[in-house]
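Dropping the structures in below, format is structure tokens.
Next come two complexes, and both contain chain A; in the first it sits with chain B, in the second with chain C.
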Partner chain A sequence: MKEFSPRIGPFLRTSNTSARIMLDVVIALVPAMIFGVWWNGPRALLEILVACAVCQACDMVCDKISGRDFTHGALVTGVLLAFNMTGTTPIWVIILASVFAIVVGKQVFGGLGSNIVNPALMGRCFVMLVYPTVLNSFTVAGGGVDSVTSATVLGTGAGSYSYLQMFLGTIPGTIGETSKLLLLIGFLYLVFRREVNWLASLVYVATVAGVSAMFGFDPLTSLLSGGLVLGACFMLTDYVSVGIRGQLFTAFFAGLVTTFIRVHSSLPEGVCFGILTANCLMGLFVFAQGKHVYGIKDEIGKEDGHA
Partner chain B sequence: MLERLNDKTAGNAGRADLTAAAFPAEGYAFAAALLAADAKTGLFAAAVLFVISVISAALATKRSAASNVLRVILGVVYMAVFCAGVFLMNGYSYQGHFAAIAAALLACLGFVRLAAPAEEEAPDAAEGAAEGAGACPAAAGCPLHAAVVTAALASVLLFLCGIVRELLSAGSVFGLTVTSSAVVSSFYGKTAIGLIAAGFLLAVVSAVRKIDFSGRGTVFVVLPAAVLLMIEARGIGGIAKQVFILIILLLALWGIRKRLRFSETGRPFRGMPVELIMSGLLYMVLSWL
Partner chain C sequence: MKRSDFRIRDRGIFPSGEWDKGLANDRPFESIAPQTVLLSECQGGGSRIRFLCEPGQRVARGEKIAEPANFTGVDLHAPVSGVVKEFIKQKMPNGELTYCVIEADETQPATADFPYMHEIVQPEAFDRAQLLAAMKDGGVCGMGGAGFPAHIKYAAEVDFDTIIVNAMECEPYLCCDHRMLIEHPYEVLNGLLAMRKACGADRMVISTEENKENAAELLRKIIAENGLEIEVAVREDKYPQGSEKQLIKQVTGREIPSGKLPADVNVVVSNVHTARALADMLYAGEPSMTRGITVTGLVNRPGNYLVPIGTPFTDLIAAAGGLKEEDVRIVLGGPMTGSLLAMGDEADRLPGGVTKTSGGLIAIKDRGLRESPCIRCGSCASACPMGLTPYKINAAYLHGDLPLCEQLLATECIACGSCSFICPARRELTQTSIRARDEVRAMIRERSAKK
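Right after this comes the complex of A and B.
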């Protein structure tokens, strides 16, 4: 008797696969990565490589155990996680953060596309809470200077650095967040490839700028300092967000939280917690808009036969 | 032959369901989140919960054999031992006296069950208390040895969890300094990591014993834990802010539970384990509040 093996859709596929999207994101991150390595020294490259290797290895093992198809999505997580670390972060911290990001932040929920929060940001959140002093010192090696440890723009306040310095990235910060110019070039590439919702990023930065101005802060300094551009271009646009309306609402909410933390909290930066909080509340946004999901009955209880 | 195989498979699945019902998952999760922050309290919690599990399973198995008086006495005794033990260990415990209130809360959850019996035979106080710890009335008929093996496995894991967390949070085991490595951080002893550890603990139990924890009462663990920790962290002042944070936490958890329906969560993590892990992540994310 001939064996019958049922197959599950989708049966029609385009060239726009998750592997291609991930490759595009990595390409978009390369300019900022090169600058980050030049500005923070060769150790930054080691951090990026370690984060990528550990993330990829954890992803591969978890996919193997749970019988899922292996993807290269963890490479992006690795690069973004390293971008959120300083040039002086101990390698063992990078390893722990990578394991936490992939295993707890992503694979537990079902892997690629099923994660609730951005795994790279969850890794940064882990480091901020468990080893808070690690992200406090920034070593700058570029421009002919061997090593200078300095506070960030957010730490020293406006006026310490010019707008041009902040835009070009010749300021202290984490490996990937300093050069806004190169991050924006990478983001434009993603927009050109139609991989991201640029409107969500715009809503996020506009909210931060607007609310900062309301609190009496210089909006341009708010935009060019910290990890706002990195978060807006590469973290907020993660596919944990559902639907365009949901993404816009998430961006607005994340902007509010980010500004609130920058203004009122003792935390050094609000982008990480702002986006993660919005990720966590995404479920509420989606169900509040009451959009019907194909294949799911209007009332969940009915499907289970409780109603 | 195929029918016999199907019967056997169905029988095994049914037995696993009964074992899951007899297993006080909420109690274990609560103990992992709040108590097992060090080896000593981990051992204590593991021992108490093992006893509770076995008594619950025995009561469920011989439901008609034990007299109501005996059940009430047993229920009162084990809850009293639990509370008194935690009080006595206050000096060593991370959350000492609050854990005693937590135990009382668990018992209350069970006693609430007494007011609204859904079964034909109204549950008595002992069953109510067992339910408070997480055992379900559906456990009737669960083989005692299966419940004991599951409880033993969970208790050993709970104890190991306490050892690892003390090692990571204080660099010691049973109070004896082992390491002063930079890896050591007090955050590993906090409830956020406790909830994540509880989720992984239940996932391992689920994977090894092939039982499903879907539909179990995560909120019964998260809500009292959140309330107790807020009282501990901030005192009784700022009630409005605490209530606000609590509402945000529960709303976020509710939304995430809805979203998890669309996630391809692995079988061992499905239900309570993944919800506990998410609660831990929520604690971490909302720490800015």
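Right after this comes the complex of A and C.
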């Protein structure tokens, strides 16, 4: 991309940059990352580092081949991908998933900003379908307990763990998804920095809770189990969509798919497919983006919607 | 970290703060007596004037020396007494322009003191026709930037119901309107009363921003003392609410339909300086010959200057103590919508001089920017005061897809610069939006010509 010095206004620019936004997301993920490493053991750290390194390397190679400017965006993908893996996932699976996430999830669409779906979720999706057993067993190393393999909350059903345990994260799960508390703290940081559409996250979790309740499941358990909070806070809000109102529809739709998969399918978790499906259907929600343009009569007769 | 970093809200940005306005907003106007004045044939917007004087001719202060050469031009009067030296061409951001150079006499006529500068004067002595004539003869034009002739704007045969004095001055750094309100409030208010009579509006509003609270207080005090019915509206300082369209929406709730003028929604808006210029003409017989300008940024002594039109920009930089650093860009106008006058190393030979519409001369740090891919954060779409989606227009324009630009209503862009300001990927959104706007408009004209 070219360098330029402006000849016409504006001569001032905000100090915020794309790199800063990505750094902020990584910062927001750090608390949950520390917990994940403590709870799953040092191997989790290795997984995170491998995922980041492979993602970044892949991204750089692809950018180089296609003559694009090199960016740091892949680090976020790496961390999120590792967050979606269990503490026992073989390293070579992580490597494959990282390559898949960056190459197929992001670069074939044109790299940073051109991807249709969340690359980290593409990586997870790949693992779920190709190595289905990998994501079904978990180690729990934290708190001095020896490694044990146990089922997820979604697998065993409600009742095995208290709400508090589920909120704090002392339950089996993938590396990054268990501590809802720390994920929310990170999310609050992003909200404070005005970098996410928190309303979309809210719509997503509310849809999942509501629809789960309709099917007779405990809404609180639905909220606190699996990767829902991680997905809502960090993957649904990833900038693959645009248009604030469009994002709300997307979030609602993702919530529906997530719940249906959780309720009806044999898959362990619906968050991944829920968000991916909604990402793909983004085009359908363009109608909701109808912003009021000053001085133009709205065709659908909408009032100024501040969309 | 600046406050602006945290705030992206619907329809607007927050580029300004104490750090920029604070440089000069407590500095009273200083006057400069330039040895020569450089009078541009373009006093604002696309206006042109034709000079009526000859080299060697002696002109007196206030003498008419130029007449309109196109629809948006207004009369120009010699701002100083002196001798016309020559006509020169200078390269300005908006093209090569002819300048009339007048060498000023050493002794200039003393400026008199009039009652309208210290008290409210109702324009009872004038009827509408006389007021419009005074606007025309005084060379009064929109001094906020567009330079549109006041006598044409106020002559519109429309049932005006609201007149707004635009004291928003929402561009960062600038504070000459602020100083004008504080130092010459009676002129501005008397000008407003006269303009109200000229347009017949019932509602008078002076709209300003929170960062000019002291000026608003002063105006309220004078208004209350004199029992005037003028609203002083103080808004949160947000850019670009001083833009005419946004201001009208805010004050009246009305939107100017695409392609129409404020008069089409029965509103007229004038700048603080315009109001003062009319009062000067009516009550002192002084045509529009001076204006306030803020010289700020990376200069040694940022300040405000009340100067004759035509004061060379070089003199202004010198009066402000010169540049602090050489590695700057000297910007004419506000930092958001202004244009690059010269680089810092040319500070001692800047082209041009003050026009009726120059509100600021700012030295801004020169920094290279690097465009990176759009990350689709949507900030530009949130910031756009017109409700456009600049990132889409950018992509469509770069693909050469003008019909899509038209669908995206690129024609409505007001070139405020909010999108480029807010873009974390540093994309040149404003530039592509302006180009898309102009090319789509040309395309539409071509299409309708074919029909």
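The rule is simple: the second predicted complex is superposed on the first by the 273 of 307 C-alpha atoms of A that agree within 3 Å, B and C clash if a C-alpha of one lies under 4 Å from a C-alpha of the other, contacts with A are read in each partner's own complex, and residues count from 1 in each chain.
Quick note on the criterion: a residue touches a chain if its C-beta (ideal position, glycine included) is under 8 Å from a C-beta of that chain, and two chains touch if they have at least 3 such contacts.
Keep in mind the model is a prediction, meaning the values are calculated, not measured.
In the superposed model, A:Ser18 makes contact with chain C only, not with chain B. When the two complexes are overlaid on their common chain A, residue A:Asp69 makes contact with chain C while staying clear of chain B. Looking at the shared chain after the overlay, A:Tyr131 reaches chain B, while chain C stays out of its contact range.
The residues of chain A shared by its contacts with chain B and with chain C are 68, 111, 114, 296.
Across the interface of their complex, chain C is touched by residues 1-18, 20-21, 68-69, 71, 73, 111-114, 192-195, 239-244, 291-297, 306 of chain A. Put simply, chain B touches chain A in their complex at residues 182-183, 185, 187-188, 192, 196, 199, 251-252, 254-266, 269, 274, 277-278, 281-282, 284-288. Across the complex, chain C meets chain A through its residues 1-2, 4-8, 10-11, 13, 15, 93, 172, 245-246, 249, 255-260, 329, 331, 333-340, 362, 364, 366-378, 381-382, 385-389, 391, 409, 412, 417-418, 420-426, 428, 430-431, 434. Partner chain B is touched in their complex by these residues of chain A: 66, 68, 90, 92, 96, 104-105, 108-111, 114, 116-117, 122, 125-126, 129-131, 257, 261, 265, 267, 270, 273, 276-277, 279-287, 296, 300.
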